[in-house]
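For reference, the structures are reproduced in the following blocks.
The following pair of complexes shares a single chain, chain A, combined with chain B in the former and chain C in the latter.
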Partner chain A sequence: MQIVRTVLQRLAKLVVVVLIVSFLTFLLTKLLPGDLTTTLLGPEASNPAAVAALEAELGLDKPLLTQYWDYISGVVTEGDLGTAYASNNFPVWELLKQRLPATIQLMIMAQVISLAISVPLAMFSAYRANSLADRSITAGAFGLISVPAFAMAVFLVYVFSLQLDLLPALGYKRITGPDGLGANLRSVALPVTVLVAGLTAVYTRLLRSDLIATLQEDFILMARSKGLPTWHILLRHALRPSSFSLLTVFGINFGSLIGGSVILEYFFSIPGVGLLAVESIGKRDYLAVQGVVLLIAVAFVVVNFLVDTLYAVLDPRVRRAGAR
Partner chain B sequence: MSEVLPAPDVVTPPEADEPAPGKRPSRLGVAGWLAAAWLLVVTAGALLAPVLPLDDPRITDFFVDNNASPGTGGHLLGTDNNGYDILSRLVWGGRVSLVVAFGVLLLGMTIGGTIGTLAGYFRGRLETVLMSIVDIFLAFPSLILLIAIVAFIGADLKNVVIGISLVSIPAFARIARATTLAFSQREFVVAARAAGAGNGRILVREILPNVILPLLAFGLLVVAIAIVAEGSLAFLGLTSTETISWGGMINAGRRPLQEEDVAHVAMIPSIVMFLTVLAVNFLGDRFRAIFDVKDAAI
Partner chain C sequence: MKETQVRSRWYRLLAVMLGLVLVAAACGGDDDDTASGDDGGSDDSGQETTTTTEEPEGTPVKGGELVFATESDVATIDAGKAAQPSDKVISLGIFDTLTTYVDGEIVPYLAESLEGSEDLTTWTMTLREGVTFHDGTPLNADAVVKHFQRMVDPAYACPCAGSVEIIGSMDTPDGPEGLTVVFTLTGPSVSFPDLLAGSSGYIESPTAVAQLGDQFAQRPVGTGPFKLTEFTPGERVVLEAYEGYWQTDENGIQLPYLDKLTVVPIPDSGQRVAALRTGDIDIFQTADSATVATAEEQGFAAQKISGSSSTIILLNNDKPPFDDVKARQALAYAINKDVINERVYDGVRVPSYSGFALDSPYYNPDAGTPQYDPEKAEELVEELGGLDFTLVCIPTPEADGILQLVKQMGEQVGMNITLETQEQGAYVNRIFSKSGDYEAACFRSSHFIEPDAIRPGLTTDDPGNLVFYSNDEVDQLLEEARQTADVEERKEKYFRVQEITGEEVPLITSLYDLFGNVYNPDKVGPPPPGEPNSLGAIKPGFLYAAGG
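Moving on to the complex of A and B:
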């Protein structure tokens, strides 16, 4: 019962955070100098009657709190995120649905690949701490963290598109497109590599230092004295208690990558959610901006909730602390 | 990398290769001096840009082709897609990075540091309120928030600095709070209080001197992130086109790189930016080791 209560409390807190973030986003879009009516009316915007009529039509003449209430109740009761007036009156949800596949593909591929690289790399590095190999890995990770995403993208395009002529320098091909999966993978190869480079560096550093701390523990010594093979100790004994920081950052990145891949979406002309946000801010299309931020906030909060829950699964000590 | 600010609530155990207590690394090492030298060159160039014998960064050289390769027509690093001299724009662009670095350090650290120190010292309801605000800010996607802020208040350099500072406040607040928490229970604080010192005096004379060094060491990390953030904004074409910035130069090189097979316009500023961020990060890392700032304290 205690567990249920803790979970419910945590969920309530998350709902509050999402509500506050959505309200702040709403306020933020209202503070924008230059507004939607200017974008929509063009030269007509100097005509106060036309502006007033449009504001009445869009509900922009109502008090702020009423506007927010209309918006959020629409979101909660009908899942209606409103209409992106400056994008051909598309429903915001439709826009998001168009843009999400590319962003999600980038995000998931980057996360999975970087995890697949960094876990074995960190285990090797931690096991041979301070060896030449470990120091090279650590230095390499440090260097990679310092490469801004757009600089890395420039380097990769230079090598793989200009010099080797292997991969396209820009553009995104859908899996459902005429050339199918192959073209799709080729089109995302470079942006995913940029993301993987950064994420792998972060994950490897985190997991390595946690593993090194864990490997000092008595139960590792115990396992070793029992004569268990090294890989078994690393994989089955050390990895699980060392994966907390990694898991935390891994979770946070699911939220931040939705907005954070905007640089790569822009560089490689990939129609994703981050690009949608930037375009919408430019057009003062406030409902679209609110939709994107709401989506990111929800993703952030949900993933963090899952991560918190996973702690309890991974470590019995957390479970007991929760039950107290 | 796609993050504008680090996730500050991550608990990282101390690095295993950290030297034993009492044997702190007090020297920068060769790489550290190289990093410092590079930053010195960039800073000197930025400060002296008006008096250096450089081409005007905003004048097109019509005697050479646009995107002229390095060495053509007296342009040491070539020209960009507008026929501007790349070397000159690099030096002038360094000014923007310098302004951003110091501006964010000053603004973000002062405000974030104050919030965090007050929260950590007074605890109680004030702490709950302040840190809740900080946490809510963290739930915002930072780059999107930054873009929105700059869109609201206009895209000139001053506003970019204000925007990045605002986004950096939560991280500074968290580290200042953690450090204050650790120090406000120490004997010298208790002694000061027993001697009759008021809260204000304790904060300024006892707590602040101890908080400020870790905060500065952490500040270098934020400087690196701030330089990248400004670069990102300029790269996305969201800052004023009047401002010469490395990110803007990389953006200008995008079309030549992706569509015209000309690499140097984008490559040169990318390399300069990478080296600068690497140098700042490296020095920050050294200083954090010297001042013994644990990431765990963030």
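Moving on to the complex of A and C:
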């Protein structure tokens, strides 16, 4: 019963957050100078009759609150995210559907690979804190964090596409496309590498500091004195209590990655959500912007809900606190 | 003479400018190209000033598939609306225009013939026989009439509506299934055929429009050499040859030459060249002269198209400081276009002093437009007691370069220039809405072969007049010039207009733009000439894969 109440409470908060974010974005985009009618009409925009006709047609002449209400009630009751008028009248959900696979693939691959690399690296680094190996890893991490994504992207393309001719310089080949999984993996290899570089560096450093702190604890001393092997101590005893910062940042990164990495999408010509958002804002394509924001807000909120739940699972202290 | 006629081509022109602004914004962000400088313009490319290039050499072969990269994603490929060069490459494949330019002369294309009456108000068009749309619908008078009705329908919201409104009424003497349409214009206009050479002249299938409604924009159907088989925004457009296409080349080969053309957007210019090197693409289109130079150094071929547009500085003639002709002249004298050319474009472009292309018969070389003369500029600034103003532009590296140079040049002669940048969406709105909320602003203007194109930009109170210029003599000359077909008479008038604007400087042109189609000569045969009314975009039906 308690759990159901908690979950329902959380769900309610989720919905409220999403609605607030959606409404604020709506207001902000409307506040920007310039509007959808100018994008569509171009020079004809100085003709008030044409502008008025178009605004009436698109429902832009209604009061702001009415416009938002129409929009959100359409979303909730019919799942209708509206039409992207400045993108050839594609339904917004269809645009999102087209763009999500690339973004999700980059996001999941980058996160999983980063975790797979950073956890062992951090454990090794923490175990051998302040050794040469550890200091090199730390320096390396700093280095990677400092290199801007586009610089690394250019470098990787130069080496792997132009010099070695191993990977394509740009483009995204869908898994369902004619060239299958192989082409797909090759097309995402470079952008994922850039993402992984940045994420791994951050995760390694985060986990390493927490692990070092945990390794000072008494219970670790106790485990060592029992004669348990090092890897067992690290993995079974030290990792869990040290993973909370990592988990938090990991969850936050899901939120930001689902917004797509605009620079990488631009550079590698990847049809992702980030570029869609930026282009739609530029065109003042309100409904497309709303759609993307809604997507990001929901994803963010859901992921963080899961992260919170994971805290409760991993940390008995949180479980006990919740039960009181 | 109704206001509507006066809007004629400037809307297309401005739609194209908008497109260029978007293109310029899209291809900004690559410092590596402009900063690397490479070796300067050692080639002769800068001297090309024709709006089209020479005839393609080589023998076209039938068959093959190519990948074409554009600078930005598709904005829209629908009839009347397709404006950016990136869009034109696709739309010129899906649609045919009613008329087109061949060697600088306008000729019927999808139409079999187009005759104007003596007084230029009635135009009789006969369509080609046996032409079908991709969905099998026959091309007939009904399709043409429905097309133009759609162009002016407020629900369709076409930027072309202003110019298409010149059509007062249409008649089909042989009935809707016949091939004749008679247009009665709202006033005499010699430039009516020119209107039909751009995207207002794309004829779309009425059956498809009726079936698809709003969704037609995603699956346009025309009479062109290619059918649209895939359109995934941000990813690619796939065009496949239409077997029922009406046109064959002079050797009897049925067009298009290619079986399939895939168009992909590559926003980053460095990546465009990289993609050409790795073979991910075969040809790309760019407005960035530096990229063209880089690609040529790497051994690729480039078709260069210059003179179809130029960058300009708009001056607000309606309020201080540029309501004073001396201020406008001062700025014009202060700008050294050769230096801008050297520093920003590696000397590859050509300075522009006119609204006409250099090879246009209407170009007046003695118009007296101010050339670089810092002393004169300084004198004028002194007479004015100083000149302070704000110059605004969109934030691309190219614009930045130009702005900084103009500021320096202005300061050298005693001006005080504040630079401002504004994000493209808001900027375009500011200029197009004619709020008058600027003093000096950068922009782009197109040069069409048809000289009447300059009229809306200079005519008093015309919506296309972004600089609020007003001169009665110019208004009259421009109106008269479009009511006669006599080339000598028109030349006289346009020459006089250029003299007046050379004196009054309503705006300042800086350099002719250079567009390039860069390609791998091992994979692609020489491209066809650029289309004058499409910013140099090529008709993809004439593109062919290199033999062997």
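Criterion: the second predicted complex is superposed on the first by the 321 of 324 C-alpha atoms of A that agree within 3 Å, B and C clash if a C-alpha of one lies under 4 Å from a C-alpha of the other, contacts with A are read in each partner's own complex, and residues count from 1 in each chain.
We take it that a residue touches a chain if its C-beta (ideal position, glycine included) is under 8 Å from a C-beta of that chain, and two chains touch if they have at least 3 such contacts.
A quick note: this is a predicted structure, and the numbers were derived from the prediction, not measured.
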Clash or fit: how do chain B and chain C relate after the overlay on chain A? clash
Please indicate which partner A:Tyr266 is in contact with in the superposed arrangement: first for chain B, second for chain C, both, or neither. both
Is A:Ile281 in contact with chain B, with chain C, with both, or with neither (first, second, both, neither)? both
Tell me which touches more residues of chain A here: chain C or chain B. B
On the A-aligned overlay, A:Leu310 touches which partner chain: chain B = first, chain C = second, or both, or neither? neither
Identify the partner contact of A:Ser87: answer first if only chain B is touched, second if only chain C is, both if each is, neither if none is. second
For A:Leu40, is the partner it touches chain B (first), chain C (second), both, or none of the two (neither)? second
Give one of first, second, both or neither to describe whether A:Ala169 is in contact with chain B, with chain C, with both, or with none. both
Touching A:Ile104 in the superposition: chain B (first), chain C (second), both, neither? neither
Looking at A:Ser161 after the superposition, I want to know if it touches chain B, chain C, both of them or none. Which is it: first, second, both, neither? both
Stretches 7-15, 43-51, 61-69 or 169-177 of chain B: which one clashes with chain C? 61-69
Let me check the overlay on chain A: which residues of chain A are in contact with chain B and also with chain C? 32-33, 154, 157, 161-162, 169-170, 266-267, 281-282
What does chain B use to touch chain A in their complex? 1-4, 7, 9-17, 135-136, 139-144, 147-148, 151-152, 154, 224, 228, 231-232, 235-236, 238, 247, 250-251, 253-254, 257-259, 261, 263, 266-267, 270-271, 273-274, 277-278, 281-282, 285
Please give the residue numbers of chain A that touch chain B in the complex, ascending. 17, 20-21, 24-25, 28-29, 31-33, 126, 129-130, 138, 142-143, 145-152, 154-155, 157-158, 161-162, 169-170, 194-195, 197-199, 206, 209-210, 212-213, 244-245, 248-249, 252-253, 255-264, 266-267, 274, 277-278, 281-282, 289, 292-293, 296-297, 300-301
Of all residues in chain A, which touch chain C in the complex? 32-35, 37-47, 49-50, 53-54, 57, 83, 87-90, 95, 98-99, 154, 157, 161-162, 165, 168-172, 266-269, 271, 275-276, 279, 281-284
List of chain C residues in touch with chain A within their complex: 10-11, 13-15, 17-18, 25, 29, 32, 73-74, 76-78, 83, 154-155, 157-162, 214-215, 217-218, 231-235, 264-268, 270-271, 274-275, 277-278, 280, 423-430, 432-434, 463-464
